[in-house]
Amino acid sequence: MPREAEPSANEKAFLLKALQDEQIRLDGREFDAYRPLELTFGDEYGVANVSLGKTKILAKASAEVTVPFADRPLDGIFTIATELSPMTAPHFEVNRPTETEVLLSRLLEKTVRRSGALDTESLCLVAGQKCWSVRVDVHVLSHDGNLTDAACFAVVAALRHFRKPDTSMENGVLTVYTPAEREPVPLGWLHSPFCVTWSFFGDEGETALLDADWMEEQVRVASVTISLNRHGEICQIAKLGGVPVEAVALLQCTSVALTKVKEFSTYLDSKLAEDAKRRDKGGFMAELRAENDRVVG
Amino acid sequence: MSTESPLVVLPGESIDPSLIPTHHKNPLRLGPGLRHIPPSEIVPTVAGQLVVDNRKTSMWIEYNGGRYIPSQNDLIIGQIVRSATDFYYVSLSPYTPNATLPHLAFESATKKTRPQLSPGELVYARVSLANKHMDPELECVSPSTGKADGLGPLKDGMVFDVSLGFARRLLMAKSREEGKVEVLEALGEDGLGFEIAVGRNGKVWVNSESTKTVVLVGRALRETDEKNLGVEAQRKLVKKLVREMR
Amino acid sequence: MADRRRINGPVGTTIAPIYDDAPEQKSQVAMATRSRPANVIRKMYLKTGVTPSASGSAYLEIESSGNGGSGLKLSCSVHGPRALPRSTPFSPHIILSTHVKFAPFATKQRRGYLRDPIERDLGTHLEAALRGSIIADRWPKSGVDIIISIVEGEQDREISKAQGIEAWDTMNALSGCITVASAALADAGIDCVDTVAGGVAALVQDAGDDAAPSIVVDPIPAEHEKVLAACCIAYLPTRQEVTNLWFKGDLPASDMDVYTQLVEKGIQASKSANRVLVDCLNETVG
Amino acid sequence: MPLDTSAYSLALLRVDGRRWNELRRIHAQIRTQAAADGSSYLEMGHTKVMCVVNGPSEPGPRRGGVATGGGGGGGGGQSKNAEVAVNIVIAGFSSVDRKRRGRGDKQVFELQSTISQALAASLHTHLFPHSTINISLHVLSQDGSLLAALINAATLACVDAGIPMTDYVAACTAGSTSTYAANDEGADPLLDMNHQEEQELPGLTVATLGDSDRVAVLVCESRVQVSRLEGMLAVGVDGCKQVREILDRVVREKGIKMIQEGTVERGVGLNDMELD
Amino acid sequence: MTIAAPEASLNALPRADGSARYSYAGYTVTASVNGPIEAQRRDEHAYEAHVDVIVRPAAGVGGTRERHLESILQSSLAQIILVKNFPRSVIQIVLQIESTPENAYVNTKLVQASLNLPIIPALFQTAVLALLSATVPMKATATSTVVAVVLEDGSKKIVADPSPKDIGEATSLHALAFTSHDELLLSESEGDFTVKEWDDVYERAQEICCQSAPKQAGVDMMLDDDASGPDMRSFLRSALETKVASDLYWK
Amino acid sequence: MASSQHVLLSPAELAYLHASLSLTPPIRPDGRSPTQFRPLVAETGILPGTNGSARICFADGTEAIVGVKAEVERTRTRHDFPSLDEGAEGDDDDLEDNQHDVVKGDNDWVEMTVEIPGYRDDDAGTVFLSAMLSEALLADGEFTKRLWINRRFHWKLYLDILLISPPLSYPLPLLSLTTHLALLATRLPRLKSEGDEDPLFDDDWAAAAYLYPRPAAKKGSKKTTSFATPTARPPVTLLVMAVGNNIIFDPSKEELAVADVALAVSVGESSNPSSSTAMDIETEETKGHHNLRILSVRTIDPPSRLTPPGIPNASNSAYGANAAGAKDTEKKKQQQEQARTAESEAVEGVWKAPRGGAKPLVLAALVQKVLEKGGVADEVLDALDGVDLN
């Protein structure tokens, strides 16, 4: 059975020593500094490529018309699929969820879905009969720690970039327009939550780091993931066990997290604007034509 | 790109017989990346640069990347996984079968005096047996002299992962001339004192009095490797890092 | 979790309706009466060595009850004995694992791909029945898989469902499973103390109000007004021992003799099944 | 929303008549079951859970849907620390509207792993290498603060099992009368939320170690203004201390009782008495 | 419409042994290769390495279609890898489809019964590139393409790298792959076609895949300059030369 | 599976246990008499949130909780089932003796789940247990009829059976008894609406009627469940095993480990027989006593088959893997010869897992022992009467 390699005793010891005695991280980052965060959009709508240092994540949003759940006839369906393939690391198996995977998907679930970032009621087409099923697939291409924050950013980016086909209702007849006929429309988006994960080190968890890389994650004794939006609304906090940490420290973490979230959100906005411009100038018609060909095919 | 256009070969391409060195008595020695299909065909199995050494009548493929595959007499840095009755299980790289290191394969080791290694500790060892049908075997003592010559447990310090190619360059006899690795010398010239051990399996162990130094060396090595820095760039990098640290 | 092994229809589809016979026709079918004498089982066809890839296998077919309904068709394959995976703890005996599965098309209502409780329950019964017959300690640290697929079940499941008592058919299926599995085991050359075979007997109420309940072997529920009780027996003839007993029904405790008669009849049924089994095995050996 | 803050602001009483900083009635027992190494039964209001602890013992076969924590990975058997395996069974009849949770329910899995990680940090798992501590929890009735109740029950059961630990891990929930939309400063924090309050108001679950302010578990699943956090957290941490007192009393009373009954002879510490 | 030249970037994923990102004709695929690594008991082979191929769709969960693609690729890739060199081990190839030239909302159907032939070349090519970047020893390299037989005003026309439009109208589709020794490695066909047609298809595919690429480096490579579609082999070579050059910058 | 989990007893211990249990009278490890049950603590109505609940705790610490929840569900009419659609106008009384009576139950109306800690809910053992319990419950068509509200609606009954403790001994009897009590304590809200209109219920819990009406509460409940059989009770499933010629009830795990055969016998009780035809069979109406009915019998695969065999000194020279294996099989051969003649006496004092099955006579005796007048079943039911249902 392929197993995950743990860092050696020397590495663990040294990492702690560096952090606690010298206050330096192996890559020379500040404790509250993220690795360079990069976001690129594909030609398709709703494809976000996010890289956070050596952690690379691809998120793809897609939509199809389907039947709403019986118990929620007025809501559309919104799912976030996080399946870790062996591409993440060879010990992940398809169809066999690991703890990492389940916890990740729960965090995204709570951060994006339960916090009502996407207006699911706007996905309803015909009450109880037809609705949009929006789905985001998170693909971890390379895992070098802090999947949560990267994945969350990718999901939000993909969803905000995504355009679903336009529809109309005339006397009870639902028509779904191809991109050729009508320019696809964005999703009903309410707010953009982001995850910020702190990792704690030391017997009392006194040392706190942002955006731990894989090595650091393997050595940490506890972690807390805080999800906020730029309006200072907490969407979710998860410190799922681990070594206890001073309550005050957690409060500090939260306030720092808020500033980070604001950075994220401005970065994302700028990227979206950039992309919109790119598509607009001239590219727009080409876009249509390209779509056109696809539709016929 | 270097001056003389290097000959890049892909797997399965036939090699121009004229290139194959011949010698009246020394047999031809094939290095990594080549395979001999009897009677006389020699075919590359990986993509890389064909290097021919006529004096040594040897030829091999120069390439970088991929996973470490143990071969005899490689020096490696391994991690103790657990101890069996009379040998340790040692991991050379993740997800690969463990190598075995006999308890007595240390300098002047007896049942009583052998080093007691616990899981997670590091050893600097030589591959004594590598065979595709068997898990590799290691030793921390030269069978001929019975001396350790530098091999054995590695205490403290830090391990940094580098590419296999870079590890090989660091291990070259004249790493500076042939391997174009300047960074270590540069660091030394800046008056940084540190010990270093390089494993063929892409691991570099660095230790020093000062934690800062270790981190600095580590970053210097990594960046040199990842950013493909040339001699001058390496010197610049070291300067920069040293400035940051101070 | 989505089913990734096969291609399912899109969401929101409805199952195609089953056009059932008009009730009166059905009732006629249901009223079909038993042609055989009470103590005779249906004809059955048994053949071993049908699956070359398996270490042992057998196929069993029981003739269809007269009225257009179909009989039972089972195929069983035995894999092993083979070494247990490293993870499992030491066992001084061979580990039996039995799987009984109705083919999706075996019965009138389509069966699912995953084993439902009934099928799992069958598996457990079968395991109990077989474990008594094999000499388990000849094969320490090893395991054997016995896979039975019911290619065609009793067609009349529909009716028995209407009566709210599927179990009667299940019992017939079980007795078939036992017989065929025992044949396959013998074919696989796994040591047994004796050849075990299954038999069913039932206390039935025939049509007509005055008819007194009677005991018949190898019952076909459709042929009787009502099945009051039934039992399925796995029996080792030469040792005269029962390895598995499954009685179901509703009998007053006051008359135990009915129960005992049922069991005896069950044994008798099993014996007659066993004859077929032994003949079949002799053919392959001789 | 039916449970609007106006009603509260009038009488300063909550739907179930409690004040803002009032816990619901907590009733707990340990040693509820002879068969297990440790066991407990705990009620927080109408939330009722049972816990059974077995171990530390040989690691059994890997089971589906059991979160394992502590141990620092390394696959149970090989690890230097005991692994804490938690299994939660939520009875079908526990909630008002019966909903069947299939195997591999992510939420349950999250609960399991949270409890496992929380206890692993407090238990001295390094004393039992290559072994497993099996904690199985049964939810009999749900009325809010489920996670808190589970943690408390598990802690008690571990004490009963005599597994050395740093201190109690005590948990409770805290909420706020403000909705995430309303940004009113007049919003009060609430202690120990019941099901209805959890539905209507933002809240969080917090577990602390002993009577320190150190937070082992902090789970918030509802949208709330960041400014509310401090208040809620403070109330929660304080609540945990109250809960710890209650748990401690339960253990001591049981201990005294056992000494009186002569189950154990006098002068033996609670923790080491079941160590056998 | 003209198709842009194929693009490839190697070692895009820092933590894998080897990886490649390949995009051509609207398909973009990322592949990671890990190996040889320790095999699980179930696919451990005493004398050779097990080649494990995993295909993951961009949206939705992998289903029967992906399994089918995997089996096709697995059998053909195992032919060119020197599996005998690494007994009892696994060479793990994960292919992540990033984008396809279909409509964004057509390919979200979770499982489709139909086999997706046109994507095979993209997957195959990416896999080969990733294997090379992971320096997994191979007998030979290989190239692949897809060819459609389209009925155009009465006459059958053979189209290489057909657009979704062509595919829609095609009477038959053929995915082929050739080793660098010009041997046919993979051939999957769909639709009805005559032997003659297949021969034409074969010829066409061969000339795309097996144009005798210049053995020496530094020779100009011709990419889709004429109708014959791109010369896959020289493309492969150029991609590798760039990699080797950057790897051995210090030489 | 729960019955065949590993028992940590040495062959010698097993041999001794088997010997002492086959003495007459048998000597049981815990000194019980053959027919004696383990002492138990029982309480009902522990969960106000449910329609009925019960908890039983055996002395050995095994503990189970059963909760019953009822929900109103719309009856989907079946095509193969005309009786439901056309129906008969008359009121319930004459429907009783209707050919196919309108008061019709369906097994789908009862959903039973068994939770054994550490076992998946589709584990063979768990399935077997729930199959056995529900089989007994549904054996007479009567039970589901109690859930009938009107032609359009019925109660859907959910039985959740939790084993709290780890399964030390085979949990079947425990679960069965607990379920029995829970069902006895189950009450359904009183129906206020008439006929086939959407059901309206009296929300006064005190007025709610017991699913199994008591003689006392009989008149009150008569209205709602008119067809109910006054002194009927849910079935109980008893575990009986035989060692040699001895029949032993409620075996502990250790005892089960040396059982030659183990049976699960489900008995119910009803005064007026469920099916008209059963009348005919019934020879003499039993008065005064519990009117027992046998509902189902199943052999339980005894774990004894999986116990490690001892090796007689004769062939004990064999150590080391292969030699032992060879020798072993030879020995087995001889043993088997003996076995053919007499299974029981192999080598004296050397444990050997039983082979083959049980003699029909033994099986008959087992069942007889359960059902005979004043037999164990009677005792158990009397004992259960003692439990007060709040």
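Letters are used for the chains, namely A, B, C, D, E and F, taken in the order the chains are written, and counting of residues starts over at 1 for each.
In this text, a contact is a pair of C-beta atoms (placed from the backbone, for glycine too) under 8 Å apart; a residue touches a chain by one contact, two chains touch by 3 or more.
Note that the coordinates shown come from a computational prediction; the quantities given were computed from them, not determined experimentally.
The interface with the greater count of contacting C-beta pairs, when A-B is set against C-F, is C-F. The greatest centre-to-centre gap from subunit E, using C-alpha centroids, is found for F. For this pair, subunit C with subunit E, the centres built from the Cα atoms lie 51 Å apart. With centres taken as mean Cα positions, subunit E sits 30 Å from subunit A. In terms of their C-alpha centroids, the spacing between subunit D and subunit F amounts to 35 Å.
Annotation for subunit D: residues 104 touch two or more other chains. Within subunit C, contacts with two or more other chains are made by residues 4, 10, 89.
In subunit E, the residues that reach two or more other chains under the touch definition are 34, 37-38, 41, 61-62, 109. Those residues of subunit B whose C-beta lies close enough to touch subunit E in the complex are 1-2, 5-8, 10-14, 33, 35, 45-49, 62-67, 69, 95-97, 132-133, 165, 169, 179-181, 228, 230.
Only residues 2-6, 8-15, 17-18, 21-22, 24, 26-28, 90-91 of subunit A touch subunit B when the two sit together in their complex. Those residues of subunit C that touch subunit E in the shared complex are 2, 4-8, 10, 85-86. In the complex of the two chains, the subunit E residues touching subunit B come out as 11, 17-18, 34-38, 80, 82, 85-89, 132-141, 179-181, 215-218, 236-237, 240-241, 243-251.
Here subunit E touches subunit A in the complex through residues 1, 13-16, 28, 30, 32, 34, 37-38, 40-41, 52, 54, 56, 58-62, 90, 92, 94, 96, 98-99, 101-105, 107-109, 163-168, going by the rule given at the top.
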